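Below you'll find a set of structures to go through.
Here subunit A shows up in two complexes: once beside subunit B, once beside subunit C.
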Partner chain A sequence: MADEDETKEYRWESGYEKTWEAIKEDDDGLLESNVADLVARAKRKRAALKATGAIQLGMMRHLFVVVDASACMFLQDLKPTRFLCVLKLLEVFVHEFFDLNPISQLGILTTKMKRSEQITVLAGNQKKHIEALQQLKDLSCEGEPSLQNSLERAMNGLKNMPAHSSREILVLFGSLTTCDPGDIQKTIKALKDNNIRVSIIGLAAEVRICREIAKKTGGTYNVLIDDHHLKELILSQVQPPAVAGSIEASLVKMGFPGGTPSVNDGTSDSSADHAPAYCLCHIDSETSSLMGPNGYNCPQCGSRYCELPVECKQCGLTLVSAPHLARSYHHLFPIKPFIERAQVPNTTHCFACAKLFVEAETNVYECENCHQIVCLDCDLFIRETLHTCPGCASDPVTAQMKTN
Partner chain B sequence: MKLNVDGLLVYFPYDYIYPEQFSYMLELKRALDAKGHCLLEMPSGTGKTTTLLSLIVAYMKAHPLDLTKLVYCSRTVPEIEKVMEELRKLMNYYEKEMGMEQNILGLALSSRKNLCIHPSVSKEREGKVVDGRCYSLTASFVRARHAADDAVPICEFYEGFDAHGKEFPLPPGVYNLDDLKEYGQTKRWCPYFLARHTITHANIVVYSYHYLLDPKIAEVVSKEISKSSVVVFDEAHNIDNVCIDSMSVKITKRLLDKCSNSITILETTISNMKENDSKRLEKEYKRLVEGLRDATIARETDMALVNPVLPSEILEEAVPGTIRTAEHFVAFLKRVVEYIKTRLRVQHVVQESPAGFLRDIHTKVCIDRKPLRFTAERLASLIRTLEISDLTDFSPLVTVSHFATLVSTYTKGFTIIIEPFEDRAPTVSNPILYFSCLDSSIAIKPVFNRFQTVVITSGTLSPLDMYPKILDFHPVIMTSFTMTLARPCILPMIVSKGNDQVAMSSRYETREDTAVIRNYGNLLVEVAAAVPDGIVCFFTSYLYLETIVSSWYDQGIIDQLQRHKLLFIETQDAAETSLALINYIKACDNGRGAVLLSVARGKVSEGIDFDHHLGRAVLMFGIPYVYTQSRILRARLEYLRDQFQIRENDFLTFDAMRHAAQCLGRCMRGKTDYGIMVLADKRFSRADKRSKLPKWIQEHLKDTNCNLSTEECVQICKRWLRQMAQPFSREDQLGISLLTLEQLQSEEMQKKIQQRAQGV
Partner chain C sequence: MEDKEERIETSLVAIVIDATPAKKFASQPLDGSSMMNRIFDSLIAFGNAHLMQASHNKLAIIACNSKSTKFLYPSMDGNSRSYQNRPGQYDMFAKVDSDVRHGLGELILNDLTDNDSTKSDSLLGGAMARALCYIHRVQRELSLSHQLKPRVLVVSGSCDSALQYMTFMNVFFTAQKENVVIDCCMMDTDSGLLQQGCDITGGQYLHIPSVAGLLEYLLWVFLPSPSCRSKIVLPPPTKVDYRAACFCHHKLVDIGWVCSVCLSIFCKFSIMCTTCNTEFKLNRPAIVPAKSKKRARIE
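So, the complex of A and B:
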């Protein structure tokens, strides 16, 4: 049976996809408006999902990603195989994750043969994770996974993280079974007690225990439909989740290392800061080399780092730069979703991109605050990338209001 | 919410209603209006019970003179409890809405075993033992003896009930078994007799089929239920078998040996009594001369022995002279038992009619028909007279007496089959006499005749027209409802061939074929790899299950299977099976996943629900035809053909398909549930089989899914499971398969419901 599954699935073996049924002709017998409508609706839906404004977000995240590496990950319903597909998407995820959550940390686990293995420890260095993911590609997938073992291991890693950070586990689970040494309910309870949120993405079908874990720990559980959907699901985990009420607010001590010597920003003025030194990021690896004056020094202990953000290895201070913080800032104030309107007669062009509205465009979008009208593409761009409304920003009154 | 069902105000205890529930109410109301019987099929998990209860209670409130009582018959104790819960919800809703106590009394009745609160008797595990011990504490003569001598133990709870319970009726409300017990405890009254007493004036009675269908019990328990009642048989797809079982008797060699022992005990007791208290025997003799009529008065506790036939005519007559005295009767019994023993000493199978049997018994041992008819009643009387309080040992003798009475009462619709050995072990002598009822309408006829409305309902009653035929009645309404669904949450498929294109079938000729068995195995392995959590498989018989599992073991299929899921097997041992079930549920709950191999017509296929993750897929290996070589079945088929013009093949297919539908329905227990149904036999795709599936399954069985190979089946499963795993909330259902009051009242929906009602 296993042999049969490893042979490639041919097009004629999968079922009929009645793609024509989704398309309907409009009154004139044309398809164009219909297709446009379909595309627009899909885009809008995705954007709307993200726009559920949470009040308090966990900006400092500690996340363990658990990748299933059991025998079923060799199945080819995702191309080229489930495992490779997931690894590739994870690379994108890691990149996006650190882009949006610069002061967060991430670790990777795999599970196979009823055991769980640590691939990378919790760390803020995205390069290391991506390298590890690339090496994983040669891993052979075999045996059954163990949810309990991997959750326990992740929990041990997360347990001692500070209380103000959000602790999360993301499981990419391809198997339909889990082979556990003990009672998984106890693990679930422990996870809950430790305020750890477990989100699971299933690659095959709904498994009840996964749903239960996600529900009890406050995470999400989703099952993919195809690889596009999987990408969407994985990337939806990039957004920081709303904080459960119990996490206390606290002040976090952070260091802002100075930049290059040419920039005198006052934080690092002694010439010793710019003396050649070993970069602490790479001090263990063979590739480590003496660094020139470029680099970031910890303002507390003076260690040199080649990259930010990072946690200082010497004194444990979190080192960030101001832009990083600013980037995670917009999560706290997501802009309100724009109101969808049928085309308004007195505006002829999009406020943002100045594109003229054409007949085919059925809907336009209006900001609640400044009442400017934008087109669909701009709406999505504003929501996904810009995170600020151009109308409000250019209007002195509303801009004033926002800063106050 | 408050509904207007064709002019009747119905209180419905939920905020939402399924469209088919509303249609169901419409049809049910029509049947009640017409005072006729009806046959309604509605898929499981669509809230049949609550629909039935709310409409009938509303009807009772609106027309208190036309409809006085609801008798709700269910199969098992848990089902009875479920009905009581729904009823309680409904009554609470009434109270909340009307703002006052409702004058409705509903109660559940079960056997002594479930209701006894006597400190030591209630500890017994076996129903028969509890009955026997209860009898030994509450029989009239025991109580009389107690009056004379305090050392004779009696049941204080029964005494309490007898002294006070009859004057004070149970206050209105809803009483399930536990409530009755609690009430009994506080008042120190026996809950069992309290419940039986209350049946006569309760508005709603919930109990098991047997209290109405089994004439042995019905006579005692349900005699006084008035004609203006409505009787509901829920889960009634097997009602014909229940009818037949209640009228059939099976006599083995061992049973006869025990009879001989009991007869010896009777003899010694009689001779003892003769020496000490001969007056009593004389009194009995006199009473028997007068007739049995007053023998039954004031003897409600002596119910363990009653005549299996409706004895109205017998009670009119005097007991024949030959069996009036105790010694004569015992000698008579001895002759009967000895005669049956000689009949069992055969080398080949004998089949004869009751008339032939009577002629033979007359010529061989000179026993007439008339005294035979009185056997059961006479034995009951004798045991009372002899004041034998331990009844448990006498049950074999009682069985024989039932047989004697039945065989001499009914000449039509029964047959006697004597098999010297089992078909499976032709060398081991194990003679059995079957007195088998062939006509299911005999037992249920009094019910149809007596009550104005009888509702027969279940999730699987297709094909509907078969039931009126085999039960011999004329329904005024016969309807099958489908399930309105917001998403296609069942996926029936007919898998007819393996990947090697060898046809899969449990046909007798190909059943041993290794290719077929291997293909079945591969199908299971592949489905197990694609479907999460629990999978239930049904085989046609235990024998087939065993042969298949052993060859799967040789072929290594079991090993492959265990890589994906744990494996559990139903056996004929009830304790083993329930242990397997507990562990099956555990394995499904903790995510390991499990496969349960079980048998159609077995315990699992009938009473146990595999909702949600417990049954994500059901596989039906082969068509569950009943064992066609059985002589009892052959006799019944012949009878059906001669009396009701039902072709043998039609009945066999009907029977097989209703069991298949039962098995398939196991996985679908509600609208949020979803499940795959795989019918793995080529023959399912034939029109005569397919068309006999319930409408709600047929509706989802697309033509493209009727002739699949294993590979195709698995592909479809995988895709469908992913779709089903997508988030699904109540909002998605609203307006389609779930309605609020406003939506229900909207004109459009009313039109749709009307259409549906007419369309069937």
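So, the complex of A and C:
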């Protein structure tokens, strides 16, 4: 990425880009359909780039988010202040992150006054992180940030993580300077040796050292244009990154609690499994919850937990439920992009939503496997949210899963 | 005090009917008409009852069997078929009735005449995916003064299809994201997958003991919208089995080994993953050389 920038000219050096010519009025003099068309095209292009097939993705992620809390974050170029805007978007990020990567863990650090502080440890509990972010709103931003200190601290937390997980750091950097105690090149080398990917989102302008860190560790560096772009950049980090190939695969032992004892299985249901018990997740807090039969028992040691996924404090076994793993399966079986073609005279309705094709719709989309025709909106919905082609699922030949 | 900005709530029910002819039902005559006829009559009556609740309520009916899925209402046939309505009957009820019967007839005939020997389970996953696409379309087309409350009712008598697991899970997660509630009415057998789906989306799962009373169960349990279900005494939720099935034997496991690359589950530790063909590193603790014991000096 940086190579292209070095050989290309800067934007002001190349000729004018007449962006207004891309938008044309249609016959009635209205712009809406044209704009909607352009937006849809851009979406399709982005979605098509993503569906590149079976790349190895890092599913179990350990991610540290470093938030810059230095004096420059009080600037109001993002409303209400940069810091508050970033915190609000991070809440959305945390929610989406655990939605899409249920077995991953997240930790939050801040950097200010030339030091870095840990706000939350690496944990898989969504609520704790969101609460911590809400409490951060009262933090005063002062001093100068220290890139090296925060990276070192994050690295200490990630070093001990198992080798099969994808180790990442996301830095939200708003300052143009950094105040480091030592040589940052050594830190970069250590990050690289530990297989840690650092991605940085700049809030002000492009800083060369950030570009270098991102490039050397295999991460991305982007500088935002406005707050919508910031939201897009942050949310793009939610998707699991492609693995560089140096991550070792291993079999991780996991427990699946929450089974109902059925007669066929032969598993014994002792009355202790459903007796009211204190749950281990709240045992440290003052308000320990006494739970009824609802709750999950660790299959290895029998301790009770309120919700999954969780790492058992007693025996160290990771407890998940089958839907948590299934959430990530759609990355492994992506759908091929649909072929765009002009309207076919035989099909009058979209296969997925039964919408009648009107004359104004010029393009319809066909699936390669099942040859069913869908409209543009269904194409986007299938690609972004559903991750299953309804045509392939409605055909007895293609409906069966290929991998068994 | 009425809120002036209150939006009109439009409730959309998408009924997904599994029309796979179970031999048990097709051959069991009851009062002259077969069981299958009674089931479809009940479903049409339920659909019309929903439309009767409010004038802007919407309905969609999709049927499936082991060969294909089909939109029964709104019908995808371009030509408007003439339908006879009894005097005084609301036009839409007659249309629903006529479209559903005609569509079901076509679907079942297709099944009988098609001699393709690919054996497949009932294509419920595909039908539910089409229902979600339809809900998404209606949501986009609805004007801003209306607020859509969508739900899907699955009426089925077939067992789980393990090979369609991916489709089902994708549908459930999409429904959860789009705030669509999935209810399930099971005749004859239990379905673990649909139980999970109802639990994930916050819907109602019911296993009917007797199929003859289908209409009664539908009207009692599934007609009220999710927002008023808390005020009604409904059948208690079943405890869902969230254990995963191992990929090698399809047995439910309590503790399993998960491949870190492709997340496939195995019941025993093995050297290679059969799904993604990656070799695993054996995590053996480092062998510490035995220290030579120094003889303690006795003084």
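Basically, the second predicted complex is superposed on the first by the 341 of 404 C-alpha atoms of A that agree within 3 Å, B and C clash if a C-alpha of one lies under 4 Å from a C-alpha of the other, contacts with A are read in each partner's own complex, and residues count from 1 in each chain.
The rule is simple: contacts are C-beta pairs under 8 Å (C-beta built on N, C-alpha and C of every residue); 3 or more make two chains touch, one makes a residue touch a chain.
The shown structure was predicted, so the numbers you read here are calculated from the model rather than taken from an experiment.
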First, second, both or neither for A:Ser394, with subunit B first and subunit C second: second
Touching partner for A:Gly202 - first (subunit B), second (subunit C), both, neither: first
Partner chain in contact with A:Asp77 - subunit B first, subunit C second, else both or neither: first
Which of subunit B and subunit C A:Val121 touches, first, second, both or neither: neither
Contacts of A:Leu176 with subunit B and subunit C, given as first, second, both or neither: first
First (subunit B), second (subunit C), both or neither touched by A:Gly258: second
Which superposed partner A:Thr385 touches (first subunit B, second subunit C, both, neither): second
Comparing the two partners subunit B and subunit C, which touches a greater set of residues in subunit A: C
Touching partner for A:Ala275 - first (subunit B), second (subunit C), both, neither: neither
Complex interface listing, subunit C residues touching subunit A: 64, 66-69, 71, 74, 76, 78, 116, 118, 120, 123, 125-127, 129-130, 132-134, 136-137, 140, 163-167, 169-174, 177-178, 196, 200, 239-245, 247, 252-263, 265-266, 269-270, 273, 275, 278-281, 283
Sites on subunit A touched by subunit B in the complex: 1, 4-5, 13-16, 71-72, 77, 144, 147, 176-180, 183-185, 202, 204-210, 222-225
Residue ranges of subunit A touching subunit C (in the complex, touch as defined): 56, 59-60, 163-165, 247-260, 262, 265, 267, 299-300, 317, 321-323, 325-330, 332-333, 348-349, 351-355, 374, 377-378, 381-382, 385-397, 399-401, 403-404
Complex contacts: residues of subunit B adjacent to subunit A: 499, 522, 525-526, 529-533, 560, 563-565, 588-593, 612-613, 616, 704, 711-712, 715-716, 718-719, 721-727
